[in-house]
Each structure stands twice: as C-alpha cells, then as structure tokens.
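After this come two complexes, each holding subunit A, first together with subunit B and then together with subunit C.
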Partner chain A sequence: MTLDLQKRSSERPVAAARPRRRGPAAPPWWFTVPALLLFAFVVLVPSARGVYYAFTDWDGLDPAFAVIGLDNFTAMADDPDALGAIWHTLLIAVAITVIQNGIGLLLALGVNTTIKSRNVLRVLLFAPAVVTPIVTAYLWRNLLGPDGAVNSLLGVFGIEGKNWLGDPGLALWMIVLVVVWQFAGYSMVIFLAGLQSIPREIYEAAAIDGSGPVRRFFSIVRPLLAPAITINLMLSIIGGIKLFDQVYALTGGGPGHATDTISTLIYKDAFTLGEFGYSIALAVVLTAIVAVVSAGQYAVLNRNEKAAS
Partner chain B sequence: MKRFLAAFAAATLLTACSSGTGSSSGSGDDQTLTIASVDQGSIEKVVDAFKAANPGVTVNLSTSGADQYQQQIRTQLSSGTAPDVMTVWPGNGNPGATYVIAKPGYLRDLSDQPWAAQLPDAFKQVAQYDGKTYNALFGLNGIGAVYNDEALTKSGLTAPGTWTDLLAFCKAAAGKGTPAFALGIQDNWVTQIALYALVATTVYSADKDFDTKMAAGQATFAGSPWTVAMAKYEEMSGAGCFQKDPLGTSYEASQTLAATGKTLGIIQGNWIIGLLKGKNPAGTFSMKALPATDDAAQFIMPAAAGAGYGVNAKAKNPDLALKFVNFVMSPEGMKTFNEAQGSLPTLSGAGTTVDPGLAELTSFVEGNKTVPFMDQLWPNAKVQQTMLSGLQEVFSNQATAADVLADMDTDYKAGA
Partner chain C sequence: MNRYTTRTFLLETAMVAVAIVFAFPVYVLVNLAIRSPSDTSSPIALTRSPTLANFSQAWQEGGLGGALINSLIVTAVSVLIVLIVSSLAAYPLARSTAHWSRGTFLLIMLGLILPFQLAALPLYQTIRDLGLLGSIWSLVLFYAGLQVPFTTFLYVGFLRALPRDFEEAATIDGCGPLTAFRYVVLPMLKPITVTALVLNTVSVWNDFFTPLLYLSGSDQQTMPVAVAGFVGQFVSDWNLIFAALLISIVPVLAVYLSLQRSIINGFAGGLKG
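On to the complex of A and B.
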C-alpha cells in the first residue's frame, strides 16, 4: 500500500505535465466527509466508548464502577466457559465455511448445466436463504425434537432416532447442519455468478486441446472463480464466527455449555449475569478474532486471486 | 474549516435528536402514567380497571418477555428514560431483582404505603432492601407435581403420597407407556423446578434457617442435604419418572405432553395450569406436593412471591405511580391480577377465587409449610445460572451432582 502511494507521488510531476486522459478525475477527498462523519458518530465513537467498559467492572446499571485494567481479560483465561465458547466458535466457523462452500460449489456446478429444470432448482435451492435465521432455527428445533419429524422419518426405516439437540456430542453439528442447510444456496448463487462470467470459448478451446472435465475445473474454473471463492469464504467465516441466532434458538448454548459460542456467552454474561465489563471484554476478543482471521484470509486469497488472473 | 464545523454541528444535532425521542414521551402531563411490565395477558386487565377507577388518566403500557425486559430496563434506568412504574423481581439473584435495582438508588421507597407493613414476613424479606420496602408483591406461586386428572384416572394409578410410592408410581406409569412427568429441560430454567420441589423438603424440613447459615458462611451446598435432593433427582430420572430425551424437549413441548395425557403430569409451578388448559380446555389439573421423603408430615412446598412492581425514584409522575401501585395492592387490583395469572394473593382479604386444583398449595401456604424459591436470597445471579447449566450437564453426563454443587458454592462465596 505505502509502496503504491510512493510510486504514484513520484509519478505526479510527469502526470501533471500530460493532459488528463486516464478516465474521469478522482472525486475530491472531502466528498467522503459526510459519510465518514455519519460512520464515526454511528459506529466508531460508540464502539470506542464501549471498548472502555471492557476495562471496568460495570454491571450495566450502577453508575459507580471501578476501572480494573486487564482483569477481565486475564479472568477469561481461567474461565472454562469462555475458552469452551472460543473453541466452539472456531469449530463452527471452520465447519460451516468448508461444508457450506463445498456444497454451494457443487450445487452451482450442477445448476450451471443445461438441464431443463435449472431455473426452478436455482430458486428452490436459494429459497431457505431468504427466511429469517431465527425462523429456520425454531423450525429445525421442532424437526429435531425427540418426537420430531426427523426421528419419525428414521422410525419408518426402522432406525432408532437420536436426541439430536440434547446430546452434547451432536448438538454442535446440528447447528452447523441448520446453518449449511440455510446458506448453501446463498454460496451457490455467488459461485454461479462467477461461473457464468467464464466465457464458453475457453472451455471449448480446452476441450479441443483434449482436457477432461476434472482438468478443466482445476485449470480454468478454479482460477477464474477466485473472486467468488474469496467473497464466499470471507462471508461464511465471518458469519460463522459471529453466529448467534441459530445457536440461541436451537440449543440456547446447551446442554450445559456444550454449544455456547462467543456471541451467546456475551449475551448471557451481559443480560443474565449483569457482568457487562466482562461481556464487553469478550466482545473485544471476538472483534479481534474477526479482524485477524478476515485480514489473514483476505491477504492469502487476494494473493491467489492476483496469481490466478 | 467553517464548513467542516457546520457539518460537525449538524451531525451532533442529528445524534442528539435521535437519542432524545425516547425520553420525551409522557413528560409535562400529570395525567399520563408510563408502565413497563412482563405480566403480558394480566396487567392489561388491571390497567383497564385502574383507568375505570381514575377517569381522565392515560396509561402508556409496554410489555415484553423477561429476558428482553431485563435488558431494556437496565439500559433505561442508567440513561434516565425508565418508566414510572416497572416490574421488579423479589429478592436478589437476577438482573431485575429488588436488591440489584434498589442498591444504586433507582427505586422509590414504598415503606410508608399502607400495604407495606401488612406483607407477611416471608415476603417482606424479598420486598425490602436495607430495611426499606421497594417492591409491591401481589402474587404468590408454588411448585409441585401437577397431575392431569383424566390421564391419571385412565392409568388406574393414584398420585403418590410418599417417596417410595413415587418411585413405584414412576415405574408403573413408565410400564404403561405414559411416563409420570413431562420434563422439558432444553429450556434451561426448567431444570431447577423439580430440584426445588425436592430441596424444599429435604433441606428445609430439618433446617428452617438454612439460608441464614449459608449467608453467614456456616453451611455449603455440597455439605448439606442439597446432595440428597440431587441424588433423588437422578434417582427419579433413573426410575423412568420422565419421558425420554428431556434435554431435547422444550418447555413448550413438555406442556403438550402433560396437557394431552402423554404423561400423567408435570412438575411445575401453578402458572402451568392456565397453560395446560390453553392446550386442553376440557382437562382438569391438580397440584400436589412432590413427595421427597416417606413422612408426609415433613413435606414442604416451594412457594414464593412472583414479580411485583416498583416505582422509579425519578418518576415523571410520582403521585400517579403511587396510586397505581396502591391499586395493585388493593383487594380489587390484587384479585384482578391473581385471577388473570392463576396466582395466590400475598395479602389476606383480597377475595381471590383460586383454581380448585390449587387447594393443596393453599393449605400448605396457610399452614406455613412453604419455603421461598431458593435463588431469591442468593447473593448474585451466577449461582443460579451455574446450577441451571450444571443440571443440564448432569443430565447429559458431562458433570456430576457433586461438581455442580461445588461450583455453586464457589459462585455463592464470590458474593455480590
């Protein structure tokens, strides 16, 4: 970035001497001021003021509170619930990212063919994504209940049903299942847009050169799909890390703390226990994780994207 | 620079406007009262009766669920936009409880109101903070075994009267394919209900002063008959007292099981009767003490004040707020509230018509054989939350009863 700027500034005298030809002029910087101000007052300033409370023992109510430095953060290291929640969050985020995008890509390749019902299929596969997550979660909570539709269906085939949401070993994967069920269609749409921007001629040329479908996928589709992959991975990993609605509606973080994520723990600590300071400290950690993961991921994917193009 | 400042000023004005709208309602008018409540479905009737008794008064009422309410009321109190009258829970141990809100001075002292001195001692304890009354507690709720009368008759079994009978009853009921009790502990607050029913008898029949000893540091959960109650809870589970997969069953689903006779009953608070009748209008339901020993004379039922009302110390309309709270505590207001909620009155002489299924609870209350819900005198909200998630862990074999009680002791000792 800095290198880029330096290069441009060293070019400036030359550029100024030439008549402007390279596209429209950049808008003056102060055009961004109204938007930046609004952003600052609505997002930046309140967030920054909020972070302050992470270093206090505020209970959300009592105006008298003390600044306790990093105590909230050190307490986190000794709190098995917090460590468990961080682990669950990362597990859910990685599982969702891999499975949702894997299925989304397969679906996109499937409906990007010339089969007759492809438009109907596209609509059907995308449909769950337009429903509010909390609604799908409550729906699945009923389907996965001990006497729910899933167990009844298994019963028809003589398979004994499981305690899907009440078993600590299964509940977390049920959350992943529900999220993937809902959003695989969403990933599919983004992949599909990417696939449709790949010109037919390239496939034809490759086919004439004698490459099979697998070779065509890895040598043509994957590199040209790089932007779609970047955006899909970013969206799903950030969404996975921040996951709240589905967890809260499906299991409430239970049984015990077996499915608590950082977000559900933030909610419980703040609003059930009145430990606002600690809960805000958790939120700061969540923000840091999102920032680090997405920056790292963006850097890697962006490099791949550039290498591919 | 000037232009920049103008934009800055405009932006601050904008934020000032948006934060100002919440507080402007109801000010400058001494006939408008604002109320925030969790008593959806019953407070409306009380407000209507209050308006009928006080012509010309406008009431701005907002109701919400307990979770959302606790979150909202704390924000409103700390930013000075709270309503005149608000739901406040008795005692301590939850974010909307009397001790928690009275301590920073957000509630008006109601000690000089006519009903404050008449409250029975068990309620004074949880309506007061530091010797002053802050909470108008109007209703009483109890916990016991609620039987579906029709299902019980059909099964040919009778409600058990001793602990030994209870286990035999559970086995017999399970053998007939209709388990004794529905248990919906996917919603974690439900886990505590049956435990409280057991603790009331096992802990408090021998030691009425257990809470005082806990507060003084002379007793612990892990070193008390709480261990007996926990063991009995697990024994009930092992004897097939509950339907399969309680951890996958929600509170809502458990109501359906009990209401439709798929189980013979449910261990719950008296509020469940109205909900069961909602799902099965033809059904009749009766509440009995849950036997926790073989000596019926020792039985104690958990019975405690439900959420009451407090007055904002900075109420915009204090006179009207006091008038409303006193109306709630008057025979007319209390009767209206209790009958809509299915609760019992906290003051005698309210003339409330009680559901016939609650006869045993009423006789326990009158015979002074009740103990408040255990959490109401705990020093912080964490003890209860540790118990709730701990019980889920016991049911899913992630923890033992001893682990949970030890964790509760740690949180109890951490204090306020």
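On to the complex of A and C.
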C-alpha cells in the first residue's frame, strides 16, 4: 500500500506548480557496483558454472572433464538414493510447514491475550530460534537416544521408550520435531506482529455483534493475517527444502538412507564420493524445486492476499 | 475484554505448561552439563553433586576460545560489509526507474531463489585455487556476497516508502550523491538497518555448511564447526559435549536476552518491509 502512495507522489508533475526545474538526478549507478561484484563473485558466476558442471563428469579436481549431456539426470532417475532424498526433502518441507505454522499460530493467539506471562512467554518461546541449529540438533540427538531424556520421561509415565533416531520409520519425523521445536517461536513472532496490526476495535465490534471466537478468527483475523501467513509459509517451506544441518547432526541421513535429503546427498556425493558433476546435478534439481515452489506460492498467496484486502 | 477472568487463568495455565514442555530440553542440557560422567542416574533426575569440571575441560580441549573469536570476526566484518554495500546499492535501485535499474534489481533478486548448494561447489574450487581454503577471510568474502540479495531487498523496500524531500533538498544545497547518502539517507535507514543487522548476524553466526566446506582440515574453526568437531571427538562423552554445547549457546542467549526487544522486532520487521 505504502508502495503505491510513494509511486504516486514521486510521479507528481513538477511543472505544474513552480517554474520548471528538473528534479535532482537519481543517485549514480556506480553505487550498485560493490554489491554487484560481491554478488557476482559469490553467487551468480558460481551458480552459472554449477549449471554447466551438472552436464559434465567433473570430479572436482581434474581440469580435464567431458560434457556428458543429460547423463547425470538420467542416472538420478535410476538412483533410489537420489529419488528417496527428493521424496524426503519434499515430505520434510511440507510437514515442517504445516506443523510449525499450526503451532506458531496457536502460540501467537495464546500470547496475544491479556495473560500476565505474555511477555515472558514471547521471549522464552522465541529463544530457540536464535540458537545455532547444529547445536540444538546435537542436543536432541542425545535426548532422543535409547537412554536419552525423552525415553526416561516416557518411562515415568510407564510408556516404553523407542530408538527414535535408529528406526527408519521414525527418524524422519524426529527431524521434523526438532526443527518445529526450534522455529515454532519464529512463526509465532511473525503471526504476533500480524495480529497486533489488527485494530482492536474491529475485533471488539464483532464480539459485541455476537460473533463467537471461532467466527471472529475466520472472518476477521485470518484475512487480515494474510501477509504474515505469506511470509511464514515462504520461510518454512524454503527452509525445509534446503534443510541440511539438522539432518547432518541428528541422523547423518541414516539409518541407511532413510533420512537423506537433497542437501545431505549433495554433500556426501561431492565430498565422500568425489562425484562433483552428479552432486551439482542434484543441486540443480534442488534449485528447480525451490523456484517452482516459490513461484507457485507467490502466485497463490498473492491472489489470496488481494482477495482478502 | 481486558478483565482477568477464569478463562484467562486457564489459558495462562495452558500456555505456561506449553512453555515448560518447550524448555524441557534446556533443563536436560544444563542438568547433564553440570554432572560428573561417573554419575549414571536418569538424565531427567536433578543432578545431586553439580560440578563445573566439564566446562573447563570442554573449553581447553575443544579450542572453543579460538572458534569464538573467529566467529566474532567473520560475523562482524561480513555483516558490516553487507550492510554498507547493500544500502549503497539499494539507493539508486529504489530511486531510479531506468531500465538498467530494474534489470539490476531483478538480477540481484534472483539470488533469493538460488540455493547456496548450487554455488557452493564451483565456488569451493575457486576458493581453493586462490589458496583461501582454511582461511576465515574466505568466509567473510562468501557471506558478504551471499547476503547481498536479501539485504538489498530489505533496503529497497524500505527506501521506496521513504520520502525523497530530504535528499532532494540536500542535493539542491550542493551535496554530492555520496555525501547526501552518508548524512541524509543513511540516518533515515536506521530501523531497517537494525532488522538487517539482526537477521544477517543470526544467519552468518549460525551457518554450518559453508565453514564445514571451506575450513575443513584446517585449524581455523567457527563456533558451529568447532562444536561439530567436538561431538565427533568425544563421541559418547555426553556430559562433556553438553558443556561444550552450553558454552556455545551462552554468548548467543546473552546477546538475545539483553537486546530481546530489538531482536524480536527485527525478525518480525521483515513483515513490514
């Protein structure tokens, strides 16, 4: 909204009011040069080279390598580890997005009330989000171990413990659990900022008119929360697709390949197997997934936001 | 609506219960970090004879002091560079409507989509050829470039909503573009600079993948890599490992708790950008 206003004021005709003067020249283009050089060196050029290498058999060291066309990609289609990793990546990303935002929204609604502990709760629940993910993942690796605190706690209630990270059917969900534990507070903070931007009067007026809390949520809060929802979904789904640290620390992709994601496979293929070309082909697939998801989400949410406003 | 009713009390109880569940891992972390390895009682039982021996041993054997200093240098220098070059670039990108400006902006925004895994391997080769593997300056260079798109995005969004009157006045008064930027525009960018500072600091400080690649096999480490190395070295000596984890968390939490208002607002600030 502010953006539109600004555009209008900047396009205001200067000539009408005063004797004609040209507005001061725009800031010079060379202001962008330092940022562009750094960006090109670190992101743009290596990414472009990466796309090229994906079509070669480069091993990372040998300057002599051959262009092999689509071989890396066709090999991927026959590689159960790669297909598994792509599936795990999507599953983890969707699960994190749904659960983390669900919990984050409930927490935000709970904190955005008149309870006395609201400020303390906000600070406390957000705290894990600033801690290094690899550190929280190592902490959880112990908690979820066979003799860990989670099994001890379950034992208190007479529930038999499990080998949470060693069971191929459970390990993936434990990764989701750890990420959600760490970042639910992050989603909460963004939802909270959205909730606090809703004028209290609208809410109270609806209450006086006799609409219950559920009705108020879906008719008032949800539409006005659209920008917060957009940002939260973007952050969690893209973060989930790129997930590396937590998988590396919690399971290393195991047991077997049960929790390998595209990112952990990229790392393993490049640095333990020396298959740089294949590894980069995986990175190209990752890029394509991120691009498709971002574009799709942008289109859908943009429409919803427009419809809501 | 503002009265404290029974329902409010029930909600408060439920929320506190949730917070206790969230805090449970932290309780175990501290509980085991202050426990001697010979104490084999349940991890959730309160440690009876707490000791600080794990901390001094972890500090001495983990090289955590050096890692802490490296992390501080890498984070401070790279974030400073990113803030300077991105705010500078955002100024013409937000003000000019010329083709080159729009094109450049879109090019930089492309960086928001490209996952770093794509650039990481070819860049690894370049850094290796430059002889910078194992040097923390390779990391500074890396983050300085990697964080440009996001930071520029924040600055451009903020600048577009900012009136031009002050900088126009400054230019009419004879200020050059650089002076106008430094003394007129930059001070007005303070709110978004705080947001960019917080978000960049957290992501650079916490990054693990890049230093794992570029520093592996060298004696230079950042905090996340040192912690991972420590876990690899003391495999199942969890009391010691927990002491190391706690040491790495304390500086982060100390900064967080002392600046919590700005930090939380910084994270939420992207919403308005």
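We adopt the following convention: the second predicted complex is superposed on the first by the 270 of 309 C-alpha atoms of A that agree within 3 Å, B and C clash if a C-alpha of one lies under 4 Å from a C-alpha of the other, contacts with A are read in each partner's own complex, and residues count from 1 in each chain.
Here is the rule we use: a residue touches a chain if its C-beta (ideal position, glycine included) is under 8 Å from a C-beta of that chain, and two chains touch if they have at least 3 such contacts.
Nothing here was measured: the structure is a model prediction, and the numbers come from that model.
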Between subunit B (first) and subunit C (second), which does A:G60 come into contact with in this model arrangement: first, second, both, or neither?
both
- Query: Between subunit B (first) and subunit C (second), which does A:A75 come into contact with in this model arrangement: first, second, both, or neither?
  - Reply: neither
Larger residue footprint on subunit A, choosing between subunit B and subunit C, goes to C
Exercise for the section: Considering only touches as defined above, state whether A:P146 meets subunit B (first), subunit C (second), both or neither. Expected result: first
- [ ] Kindly classify A:V284 by the partners it touches after superposition: subunit B alone (first), subunit C alone (second), both, or neither?
- [x] second
Review point. Which holds for A:L165: it touches subunit B only (first), subunit C only (second), both, or neither?
Key: first
- Who does A:L273 touch here: subunit B (first), subunit C (second), both, or neither? first
A:F244 in the overlay: touching subunit B, subunit C, both, or neither? Say first, second, both or neither. second
Task: Mind working out whether A:P34 is in touch with subunit B, subunit C, both or neither, as first, second, both or neither?
output: both
Contacts of subunit A common to subunit B and subunit C in the A-superposed view 34, 38, 41-42, 60, 147, 270-271
The residues of subunit A that touch subunit B in their complex are 33-34, 37-38, 41-42, 60-64, 141, 144-147, 163-168, 251-258, 268, 270-274
Within the complex, subunit A is touched by subunit C residues 1-4, 8, 11-12, 14-16, 18-19, 22-25, 28-29, 32, 42-44, 81, 84-86, 88-89, 91-93, 95-96, 98, 100-101, 104, 107-108, 110-111, 113-126, 141-142, 144-146, 148-149, 152, 157, 160-164, 167-168, 171-172, 177, 180-181, 202, 205-206, 208-209, 213, 223-224, 227-228, 231, 238, 241-242, 245, 248-249, 252-253, 256-257, 260, 263-264, 267-268, 270-272
Note: in the complex, subunit A contacts subunit C through residues 2-3, 5-7, 9-10, 23-29, 31-32, 34-36, 38-47, 49-51, 53, 60, 107, 110-111, 113-117, 121-136, 138-140, 142-143, 147-149, 152-153, 156, 181, 185-186, 189-190, 192-194, 200, 204, 207, 227-228, 231, 241-242, 244-245, 248-249, 262-263, 266-267, 270-271, 276, 279-280, 283-284, 286-287, 290-291, 294
Interface with subunit A, subunit B side, in the complex: residues 4, 7-8, 11-12, 14-15, 67, 70-71, 74-75, 77-78, 94-95, 100-101, 103-104, 106, 186-188, 243-250, 253, 380-382, 385, 389-390, 392-393, 395-396, 398-399
